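One chain, chain A, links the two complexes that follow: it is found with chain B in the first and with chain C in the second.
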Partner chain A sequence: MLRAPRSFPYSLLLPATIVMLAVVLFPLGYSFWLAFRNMSLYHFRTHEFVGLDNFQLVLTEPIFWTLLGKSLVWTGVNVFFHVALGVLLAILLSGPVRGKTILRTMLVLPWAMPQYISALTWRGMFNFEYGAINLILKQWFHLPPVPWLSDPTWAFVAPILTNIWLGFPFMMVVALGGLTSIPADLYEAAELDGANGWEKFTNVTLPSLMPVLVPSILLGTIWTFNNTLVVWLVSNGGQPADATHILVTYIYKVAFTYSRYSYAAAFSVVVFLMLLGFVVYVMRRTSSQERTA
Partner chain B sequence: MFRSLPFRASHLIACLMLCLVLAPGCAPKKSATGPAKIVIWSQMDPEERARFEKNIAAYQAAHPGVTIENVPYDTENLRQQFQTAAAGGGGPQLIFGPSDQVGPLSLLELIRPLDETMPKGFFDRFVPQALDTLNGHLWAAPDQVGNHLLLCYNKKLVPVPPANATEFLEMAKKLTKDGVYGFAMNVNEPYWLAPFLAGYDGWVFAADGKPSLDTPAMRDALGYVALLKSKATGIMPAECDYQIAETLFLEGKAAMIVNGPWSWAAYRKGGVDLGIAPLWVLPNGKHAMPMIASKGYSISVNVPKEQLDAVIDFVTFCTSPEAELRDAVALGVLPSHKDAWNAPEITSDPTLKISQDAFTMGRRMPVVPEMRVVWDVMRPGLQKVMNGSMSPADAAKEMQAAAEQQIAGMKR
Partner chain C sequence: MKKNDQAWTPGRVFVQVFLILFALATVYPILQIVTISLRPSDQLYSTSLAIIPAGASLRAYQTMLFQKPFLLWMRNSLIVSLCVTMLGVTLASTAAYAFSRYRFAGRSAGLYLFLMTQMFPATMLMLPLYVLMKNLHLLDTFAGLVVAYTATALPFCVWTMRGYYDTIPYELEQAALIDGCTPWQAFVKVTLPLAAPALSITALFSFMAAWSEFLVARIVISRQELYTLPLGLESLAGQFQTEWANYAAGSLLVCVPVMAMFIALNRNIVSGLSVGGVKG
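For the complex of A and B:
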C-alpha cells in the first residue's frame, strides 16, 4: 500500500491558505498599493501613482497627532479597566461565592450581547434629560446631570464607559481559566512563608496569570485600538463636532464620507505599522523574559 | 494517522476540501439572472417600504414571471454598498433613494444617464422641480418630491399655528409647562439649519459653486437656532436630536416640531392630532425656506442590454401617476408626475395642499458631490454653537475653512 507523501499535510492546509490569502493578505496588500495612489471620488477610475504624498499628508496634519493621542487614551483606559475588573471579578468568582454560576453567566452577558445593540442602548442611557444614567445620578445621588453626549470631554468618556462594560467579561473569562490552573500548593507554600493576601496576589496569582493574560492583553489592545463600532455608535459618528473620533473612526469617515480612499489607505497603513511595531516589541520582550526566567 | 491513508484517498480528501472552499465563489451572480428578476436596493421609511411592497405585488401580478426583490438600506449604507458592489461589476439593477446620491454615483460612472437611457420624452411627464440635472444629464427618475421641512403641530395644544417669529416664541413659551415643551427640533443636523440659512438669504454654495458658509446669513441662522435652543428661551429640551424630538412629539410632550412629510404617517398612527404649516416668518421678515429634493430610481451601469427594457418598464410603472397617487395619499408625500401633482386627491387634501404650497417655497438641494462635504463640515460647527462652546461667527468661519480643505482633499 502506498503511503501519504510528505506533501499531504500541505495539501490539507492549501484551502485554508487560499482563503487566508484572499481575505487577509490580498486586502492588506491592496491597502498598501492604494496608499501610494490618489484614488478618490474624483479619481476613482483614473487614479495614479503619487509616491509618498499621502503619507506625508497624514503625518504632517495636526489631526493625526490629536487622534493618535485620543486613540492611546481610549486604548490604555479601556484595556486597564478590562484587565483590572476582569481579574478582580475572576478572583472573587473563584472564591467561595454563593450562586457562582448565575453570577458568572450574568457577568458574561455584556460580552454575549451584540456590540451594536449595547452601544445604541448605552447611547440612549446617556441622554441628558431622559437617559437612565443621569436619572440615577439625579435621583439616587442628588448629583447634577452630566452632558454625556453634548460636551466634547464627556462625549469621549461615554464610549469609554460603554466599552469597559463590553470588554471586561473577556478578561474575566481568561483570568478565570488561568486561576484554575494555579496549583494550590503554591498558595500553601506562600502561607507557610507568612504571605498576606496582597503578597499572595502579587507573588503567586499575578505571575501565574501572566502567561494567559499577556496574549489576551495584546489581543485586547489591538481590538480596542481598532474598535470603530462603539465610538461610532455611542457618539453618533464622532459627535459632538467630530470631537470623539479616534484614529480608526476618522479613517472610516474619511474613506466613506469623503471618498478619499488613498488618503484613508495611507492612514490605515500607518496605524497597521504602529500596531505591528507594538506587537513585535511586546512579543520580543515577553519571549526574552521567558528565556531569562 | 495520515501515514495510514492510501495515497489516492489522501489527495482526494484534499481536493474535495479545496472544492468545498472554492465552490461558493463559482455560484452565478444573483443580480444578473435575466429579465425575470430585478433587484432594487432602496432607502425607504417603514411605511414607505410597506407601500412600495404593494406596488411590487401589483407589478408582479400584472407581469407574471417577473420577480422584483427589494433590499432596504439606510441612506449611507445604500450609497456605500452600491458603490462597492457596482464598482466590482455586481450590485442591483436599480437603486432608489434621495436625489443627492446621484452626485457621487454619477461621478463614479456607476449609474446610467437616464436622459439617454429612458425612452424619448420620458422626463416630460414630471414637474420641473422634480428633476436634477448634473453635468448635463438626468440621473434619476423621481417618483416623489418633497423632503421639505415644515412645522408640525399637535392640534390639541396648538389650535392655530404661529405665522411669524414673535408668535412662535410667545406660543412656545406659553406651552412649555408641566413636562411639555413648546418646541422640539433636531438641532444636531444641518439639514434642519438649512431653512433658516435660506430664510436669512444665505445658501450653502455661491454662484460659482464654491461653498459659502462664512456669511452673515450663516451667522444669523446659527444665532437664531441657538436662541431657540437656549436655556434662557427655555422652549426646548437641553439635548434634542431627531429621536428625542420625535419621541416627545409622539408622546404629546412637545407641542410643535420641525419635520418632513416622511414622519406624518407615524405621527398619525401614534395618535397625534397632527396639523402642518409652512415654517414661520423669521425676525428679518422672510419665510424660513426648506430645502426641497426628490427621491427616485437610478439604473446601474451593470444592467446588461437584454435586461434594460424590463428595468425601464418597472421604473415607468413606479413613476406612473396611478402609483404615485397611491403613494402620495397613503404616505403624505408629493407626486413628481404632473398629472398626479394636479390631481384632485392632492389639491383637495388640506394637508397635501399645505405641503404643496410649502414645497413651492423651498430651494432645491444641490446634488453635486461636494454637498456631502458641506453637510459634514456644517455639523460640527452647528453642534458647537448648540452646546455653547463656540460663537456663530467662529463656527461659520470654521465651517468654511473645513469645507475648502475637505473639497480640496477630495479633488486631490
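For the complex of A and C:
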C-alpha cells in the first residue's frame, strides 16, 4: 500500500468510473424504469407508466418458458462439452505427446478467430446442398443430408455445435494452466498407494483443477447464457420462423426488429435477476465449501 | 515431460492419433474459408471437398480489395478500434492502479461492480444505449460505438491490469516518492513501464473487442459508408449464395492479422489470465 493524498486514488478511478456509469449503470437503471412503461415504436415519445403489465405479459406467455428451457439446454450442453473437451485435451496434451506446440496452437485457433466470422462460416458449412458438413456425411459416410438450417430441431443443434467449437479452447487453456501447478509428488504418492489412471484422475487431478476451473465455469456459464451472437448469426436471426431463439436472441429480436422496447426491457430485467440469483447462489455455495474444507 | 522417450505403447499411439485428428477437425472450418476464397467464379456451388479447389484463383481477393468497399470498412473499423484501444488502455491502467496500490472507501464494492457488469444480458445495455443515442442523435456516429465498446472491454482489462500490478513490488515507487516524485510521477515513470506486458494484453483485448463486434454495430450503424468490417462482411454473407467467395476472402484478410497477434501474445495471455485469477 502506498501513501498519497486521500483524493489521489479517486482521481485515478474517475475517468473509468464515468464511462462505466454512463454505459453500464445508467442503462441498468434505465432498463428497470423502461420495464414499467409502455415504450414502443408507436409510443416512442408518449410512453407512460403501466405498472407490472410488461412483467405479467412476459411471465404468462408460454413462449417465456419454452425459451427458458432452450436457454438452459443451450447453456448446459455447451458448458458441459466446453469443460469435458477442455479438460480431456489439456490432460492428453500434458502427457507424452509429440508436436505439443503445434497441436496446442491448432486447438487454440477457434478462440483467436473473430466470433462473427466463425459463426457465419459455420452457417455456410451447414448449408443443405453445398455445405461441407452434409458433403462429408454424404461422400465419406454415405449418410443422407441433414436439414441443418430448415428444420427447427436441427437449426438449434447447429448453433450448439458451433458454440462448442468456439468455447472449448478457453477451458483447455485454463485447464492447461491449472495442470502445470499440480506438484508431481502428488502423483508419485498416488502411484505408491497403487492408484490406477482413473483413480489418479478422480483423486488428484480433478480436485487440484477445481479451484481454477470453478471461476471459469461460472464465467463461462454466464457468457454462454448471454451469448446472443452465435445463435443469431448461425440461425440467421432465429430462422426458421423464430423457432430457434433462446432467451437473449428473442429479446434482441423483440427490441430491435419489432421495436417493443418496454416489453424487451422487462424481459431482460427478468433474465438479469435470474442470472444474479444463480451467481449469488453459486458463490455462496463455493465459499461455504471453502470454509468447511 | 520426462516420459517422452518411453516406448510407443498402443495407448500412447491412440492418444497421439486422437489429438492429431481432433486438431485437424478443429482447424477444418478455418481451412474451409481458405478453400472457398480460392474458388474460381464458375465453381461457387461446388460439391467437391478438395482443400485446394481445381483452378484455384485469387480473384475474390482482387474483387474484395479493389471493387468492394472493403478498404472503407477496414478504415472505419481501424478508426473505431484504435480509439477504443487508446481509451481502454488509458482508463484501465489508471483505474487498476488505484485498485492495486491504494486502500480506499468503496474499493471492494468498485471491484465487484466491474465484475458484475459481465452478468447483464447484452440487450439490457444495448436497448437503453440505443434509445439514448437515438435521443442524442448519436446513431450513425463512431463516437457512440467507441464509448460502448470501451465500456464492454473495460472490466476485463481492469482485472487483468490489477492482477499484474499486484506482482510488481511497490518498494520501487516508495523509493521514488522519498526522492520527491509525486504519486502520479511514481505511477507513470516507475510502474507503468514495468507493466508493459500487461499493457500489451489490455491493448490486444480492447482492439479485438472492437474489431470483431457485430451486435451493437448492427443497431448503431445503418449507413453503408459507415459500416465496420463485421457489418460489411455480414452483408456479403447475408446474400450468401452470390458473395460467398468474396466473403471468405474478406474474412481471411480480417482474421489472419488478429490470429497472428493472438498467437504471438499467447504466452502473455495465459500468464495474464492466471495471474489475474489467482488473487480474487
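To be clear about the criterion, the second predicted complex is superposed on the first by the 288 of 293 C-alpha atoms of A that agree within 3 Å, B and C clash if a C-alpha of one lies under 4 Å from a C-alpha of the other, contacts with A are read in each partner's own complex, and residues count from 1 in each chain.
Assume contacts are C-beta pairs under 8 Å (C-beta built on N, C-alpha and C of every residue); 3 or more make two chains touch, one makes a residue touch a chain.
Please read these numbers as outputs of a predicted model, since none were measured by experiment.
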item	value
Clash or fit, chain B versus chain C on superposed chain A	clash
Which of chain B and chain C A:Y263 touches, first, second, both or neither	first
Of chain C and chain B, partner touching more chain A residues	C
Touched partner set for A:L273, first chain B, second chain C, both or neither	neither
Chain B versus chain C as contact partner of A:I63, first or second or both or neither	neither
First, second, both or neither for A:L233, with chain B first and chain C second	second
Which superposed partner A:Y252 touches (first chain B, second chain C, both, neither)	second
Partner chain in contact with A:L219 - chain B first, chain C second, else both or neither	second
First, second, both or neither for A:V73, with chain B first and chain C second	neither
Which of chain B and chain C A:F128 touches, first, second, both or neither	first
Which of chain B and chain C A:A84 touches, first, second, both or neither	neither
Overlapping segment of chain C (options 109-117, 217-225, 253-261 or 271-279) - the one that collides with chain B in the superposed model	217-225
Footprint overlap on chain A, comparing chain B with chain C	1-5, 8-9, 12, 15-16, 19, 127, 129-130, 236, 256
Contact footprint of chain B on chain A as seen in their complex	1-5, 8-9, 11-12, 14-16, 18-19, 38, 40-42, 44-45, 127-130, 145, 147, 149-152, 236, 239-243, 253, 256-260, 263
Contact set on chain A toward chain C in their complex	1-6, 8-10, 12-13, 15-17, 19-20, 22-24, 26-28, 30-31, 34, 39, 89, 92-99, 103, 105-118, 120-125, 127, 129-130, 132, 135-136, 139, 165, 173-174, 176-177, 212, 215-216, 219, 222-223, 226, 228-229, 232-233, 236, 247-248, 251-252, 255-256, 261, 264-265, 268-269, 271-272, 275-276, 279
Residues on chain B engaged by chain A in the complex (per definition of touch)	2-8, 10-11, 13-14, 17-18, 20-22, 76, 80, 87, 104, 107-109, 188, 237-239, 241, 244, 369, 372-373, 376, 379-381, 383-384, 386-387, 389, 406, 409-412
Sites on chain C touched by chain A in the complex	1, 3-4, 6, 12, 15-16, 18-20, 22-24, 26-30, 32-33, 36, 45-47, 49, 87, 90-92, 94-95, 97-99, 101-104, 110, 113-114, 117-132, 147-148, 150-152, 154-155, 158, 170, 173-174, 177, 183-184, 186-187, 208, 211-212, 214-215, 218-219, 230, 233-234, 237-238, 240, 244, 247-248, 251, 254-255, 258-259, 262-263, 266, 269-270, 273-274, 277, 280
